[in-house]
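Got a structure here, written out as structure tokens. Questions coming.
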Amino acid sequence: MKAGKGLDISVIIGLVVGFGGIVVGYILEGGSVAALFSMSAVIIILGGTSGALITSFSIKEFVSIPRILGDAMAPANSPSAELAGQIVDLSDKARKEGLLSLDDMVDDIEDPLFRKGIRMVVDGVDPDEIEKLLETDIAIYEFVKKEEAEVFNAMGGYFPTMGIIGTVTGLVLVLGNLGGADMGRLGHSIAAAFIATLYGIGFANLFALPVAVKLKGKIKKEKLRMEMILTGVFAIHKGESPMLVKEKMLSYLEEEEQKLLEKGGGEE
Amino acid sequence: MKAGKGLDISVIIGLVVGFGGIVVGYILEGGSVAALFSMSAVIIILGGTSGALITSFSIKEFVSIPRILGDAMAPANSPSAELAGQIVDLSDKARKEGLLSLDDMVDDIEDPLFRKGIRMVVDGVDPDEIEKLLETDIAIYEFVKKEEAEVFNAMGGYFPTMGIIGTVTGLVLVLGNLGGADMGRLGHSIAAAFIATLYGIGFANLFALPVAVKLKGKIKKEKLRMEMILTGVFAIHKGESPMLVKEKMLSYLEEEEQKLLEKGGGEE
Amino acid sequence: MKAGKGLDISVIIGLVVGFGGIVVGYILEGGSVAALFSMSAVIIILGGTSGALITSFSIKEFVSIPRILGDAMAPANSPSAELAGQIVDLSDKARKEGLLSLDDMVDDIEDPLFRKGIRMVVDGVDPDEIEKLLETDIAIYEFVKKEEAEVFNAMGGYFPTMGIIGTVTGLVLVLGNLGGADMGRLGHSIAAAFIATLYGIGFANLFALPVAVKLKGKIKKEKLRMEMILTGVFAIHKGESPMLVKEKMLSYLEEEEQKLLEKGGGEE
Amino acid sequence: MKAGKGLDISVIIGLVVGFGGIVVGYILEGGSVAALFSMSAVIIILGGTSGALITSFSIKEFVSIPRILGDAMAPANSPSAELAGQIVDLSDKARKEGLLSLDDMVDDIEDPLFRKGIRMVVDGVDPDEIEKLLETDIAIYEFVKKEEAEVFNAMGGYFPTMGIIGTVTGLVLVLGNLGGADMGRLGHSIAAAFIATLYGIGFANLFALPVAVKLKGKIKKEKLRMEMILTGVFAIHKGESPMLVKEKMLSYLEEEEQKLLEKGGGEE
Amino acid sequence: MKAGKGLDISVIIGLVVGFGGIVVGYILEGGSVAALFSMSAVIIILGGTSGALITSFSIKEFVSIPRILGDAMAPANSPSAELAGQIVDLSDKARKEGLLSLDDMVDDIEDPLFRKGIRMVVDGVDPDEIEKLLETDIAIYEFVKKEEAEVFNAMGGYFPTMGIIGTVTGLVLVLGNLGGADMGRLGHSIAAAFIATLYGIGFANLFALPVAVKLKGKIKKEKLRMEMILTGVFAIHKGESPMLVKEKMLSYLEEEEQKLLEKGGGEE
């Protein structure tokens, strides 16, 4: 069961370590955390960035940001020994008992792309058509996911510029009241203006851009898994020897997963 | 009817939210909106950016900016269940009654690329030639639309630099009159100089760049739709089974549209 | 006649609007134009940028900058209804009277690539060789033109950095004489230092980069025209029906030109 | 033996020269090294960058940074005369005594990719399958290594922004206490704030980015070696003449290694 | 003889014009050249950049920087009428007297790639193998040369950041001694700090980046020459007519060289 795999908590740990480090360093310098909060900076930066994102994408994509963030925290679907073992097992069965023998196993396949591929193999669909269909699936998957990562990437671009806008409006305000102001009050106002820059750079580099990098990394791993499935489906269709299929699967796995496959599946 | 689909108002909402957020934050800090207006900054930034755009592209492309902006607000032509259903229906009819039976249906096809493709299929044009022709159409479409997005992208690059030019000319003015000026007046002048930076960054990041992102996103979706049509036209030409055609169409659709297709068209 | 097509004056209009807008805005703020002129800034920026360009490319390419600029002001050679009509006419003649009948028409073809292609078709050169030859011509054309655009692109990169160098040398001078200077004189000197930044950013964003964008846009359009010619030459060689050839040509044309072709050429 | 090749100490020398040069220049100006140390800046920069990296990648990848750094210090696996000679020798033996004669030599092959390829050649695996398998191995190798280089690249991006955050928090602190501060104390505080910028730019440009460049350079060289092996395996499989194989191997080698191969292996 | 072609002095002229222009402009402003020299800035910038380059590449590549610079000053090996004429001549001879007749001419061929290709043609090597071999040679050549250009590109990236480091360390020093300093001395110190920025930007934009652009331009031209050779070798092998070979060669030549070829070689 997928949910049983839990959560990739590195996003949360990263946010805690990042923001924590900055706050600890700031307190060590003798600063008070309360002085870092500015309601107007929050409004300018969140308002400006939200507006820029809604214009760039759409309201529908904007409100799906929390869902995309949730995806970033889900464990990556990388090529696994488990899936590789399943592919080797199916290739063994197909070779011994024929492709039709896979019919009653199709519905037990958890991965939707693998299930779809094997279903078509069993149904006798032309392998060229299977290839085109699965490749379209992979391309569309990549298209949709890259769009989602792009939302966070764009966010990481808009945050700092909104921070600069917040700081400049703050400075315009301070400079407009320069005559007759005492130094202490002036300093406080300029400090407040800089908070917006802090928010803009911080949100971009501790949150938006790292999440975008995370999402892009996951796309690459999931695409690798999909290519492993494609390779597996065609090997099964061609009735290749389980030895060769296993060798092919090993190519896609990281060292740890390779050991798992060597020990476990596909040999019985 | 296309016009019936209404407007993609996300561009307008985005602009309101973005500029609104910044103004609200600024007022909260105690600023007056009137102080943010500067005629000379407007002239420098709009004049400079217009000049740079006219040089970069042409007067013809420059005056088409409002039309391109209108395109950005039109709903995207993404792969739809409706079009997919139509493709499946045609494939069904072509298989049962032959390709020529499509002749009297051609003129009812709304999408020009799909109509052109089916027209050539019915006319018995060589499939390789159909492929080349439709692919040229897609390539030219992409070429023209990318040029249009490029106008807004370039605008997003010129705006901030014109803002810096406006601020530097303002500072040159202030610094030239430094001797004998009182602090209050000096502050006001420097503040006024910074307005140009504000305009440059704001127009770029709340308007020009988001619209460029929007246009690029629409190109990708419309290209996907065109590839769906290409796939459909060839499947119809080859007389593939409606089941397989439907499977192919499903690959191009998002989840919601997939459900629409499953319920609706192409099966009767 | 090509010269008869006149000049693409958008580059000149763009420069006037751009520099004009900035000067008008500056005067509106109360500045005097004379204060914006600085001989030393001109020398630093033009000298530095010229040096960087000569090192980057060569003296030969550096002295050809005015010629490249002239090219940027020449009207683009985009796919035209006129050329498309000529291609359709030739395909019609070739089909009716044979390829050799084109022999006495070759020298009347204005476009050198089209003339070369048809010349080889008439001479009976192997179509694969024609394809390779014309494609090499297109690739070399693109190579040379991209190099030329690259000169202006590099110029747009060097201008602002030379501006910063001019400003920093100015500031070094001011700061070295800080002791005992009165505020008025100090302000004037700092203002003068900033003029270099103004020149650097202005020349780059109003002149060099827009011209580079212009040149790149022209390359894309001229390449499209060349691809149209390639398609036409092969269609003529294969003796395709003028209807199909016309359909192919229409794909390359913008809407207006499409209407021109529909009305005019290739049908008589 | 690989370990016998020692260490690529250029990373260490580079770090010593880089940081050393800056410290020497600073001391020459009259600065004291102690004034460059700031605990709070260290915490902000290391904390912030660590957080951003953990979010971007994962805890597992974050803790493998020292191991990746170790890899950057290992000598590159570039195409070598030694390996080329071995390939030429095997091609000679295969041609004279048949492919099966390589069987007892396979286990002596040190390079895992070469061993795998020859093993499959001896086992009579279909050459197309061998090609696909080895190419997958190369692609996965490149994928994993590029991810590792990407960690240092991202680090080089986060370091300077954390430096700016550190400096801005420092300035916020200084500005908040502006009233009633004496100039001497003020100067010290601002100086301290700038240390964070120094750390951010320094760590990025002397450590993170150079290591990323190093890792990318090694990937390219190791990929070249892998392509040399691929070429060799297929030449051996096809039974090409050792002369031709040697010629092919020479193409992959740098001048020095070419001389080594000319003198040494593959001719006996 | 290659050495007889002299030197491409544009790099030297470019450096003189660039640095000269800046110094002249600076003197015109009333500055003294001596004030622009700072030993500590030189140490920080050269030390820091050297360290970053050694870490990025290797000591071996670092010490080869003068040799790469020498290459940048050597005239480019672009496609020449001379080489084209030689190719046309050989094709003529091969067609008339057979491929073997080229045997005694091979050693007179100056260009190593052309000599290698013709040698293999004469030796009767399979054309597919010749193609693979020559293409590997071109790819490796490009790989090595791009690495060399990359060294200067990286240098152009590190210089300005080391300049900022030099300026910030200078400012840290100034700010640490703020209390009790007179304005004159303060100004001098800040001015000195900015010298490092000047060096960083100047070295990068007048030297490192232009040389990198130069090297990349030469790679493109030399690759074109190599492709011309490849085309020529295959035309000779296939025994194409000298007319067609000449036409092919003309495609690769610039206008001037085209005229040279038309007048001279390949026709006798």
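Note that the chains take the letters A, B, C, D and E in the order they are written out, and that residue 1 is the start of every chain.
Keep this in mind: contacts are C-beta pairs under 8 Å (C-beta built on N, C-alpha and C of every residue); 3 or more make two chains touch, one makes a residue touch a chain.
Keep in mind it's a predicted model, so treat the numbers as computed, not measured.
Put simply, subunit B has to spin 145° for its C-alpha atoms to lie on subunit E, with the angle rounded to a multiple of 5. Under half of the residue numbers at the interface between copies subunit B and subunit C are found on both sides, making the touching surfaces mostly different.
The mean-CA centres of subunit A and subunit D are about 25 angstrom from one another, to the nearest whole unit.
Note on chain placement: the centre of subunit C and the centre of subunit D lie 41 Å apart, centres being C-alpha means. In subunit E, no residue touches at least two other chains. Annotation: chains form a contact ring; the order from subunit A, going to subunit D first, is A, D, E, C, B.
Remark: subunit B residues 39-44, 46-48, 50-59, 62, 125, 129, 132-133, 136-137, 140, 143-144, 147, 150, 154, 157-158, 161-162, 164-166, 168-180, 192 touch subunit C in the complex. Subunit C contributes residues 8, 10-11, 13-22, 24-26, 28-31, 35-36, 182-188, 190-191, 194-195, 197-198, 201-202, 204-207, 209-211, 213-214, 217, 220, 224, 231, 240, 244, 247-248, 251-252, 254 to its touches with subunit B in the complex.
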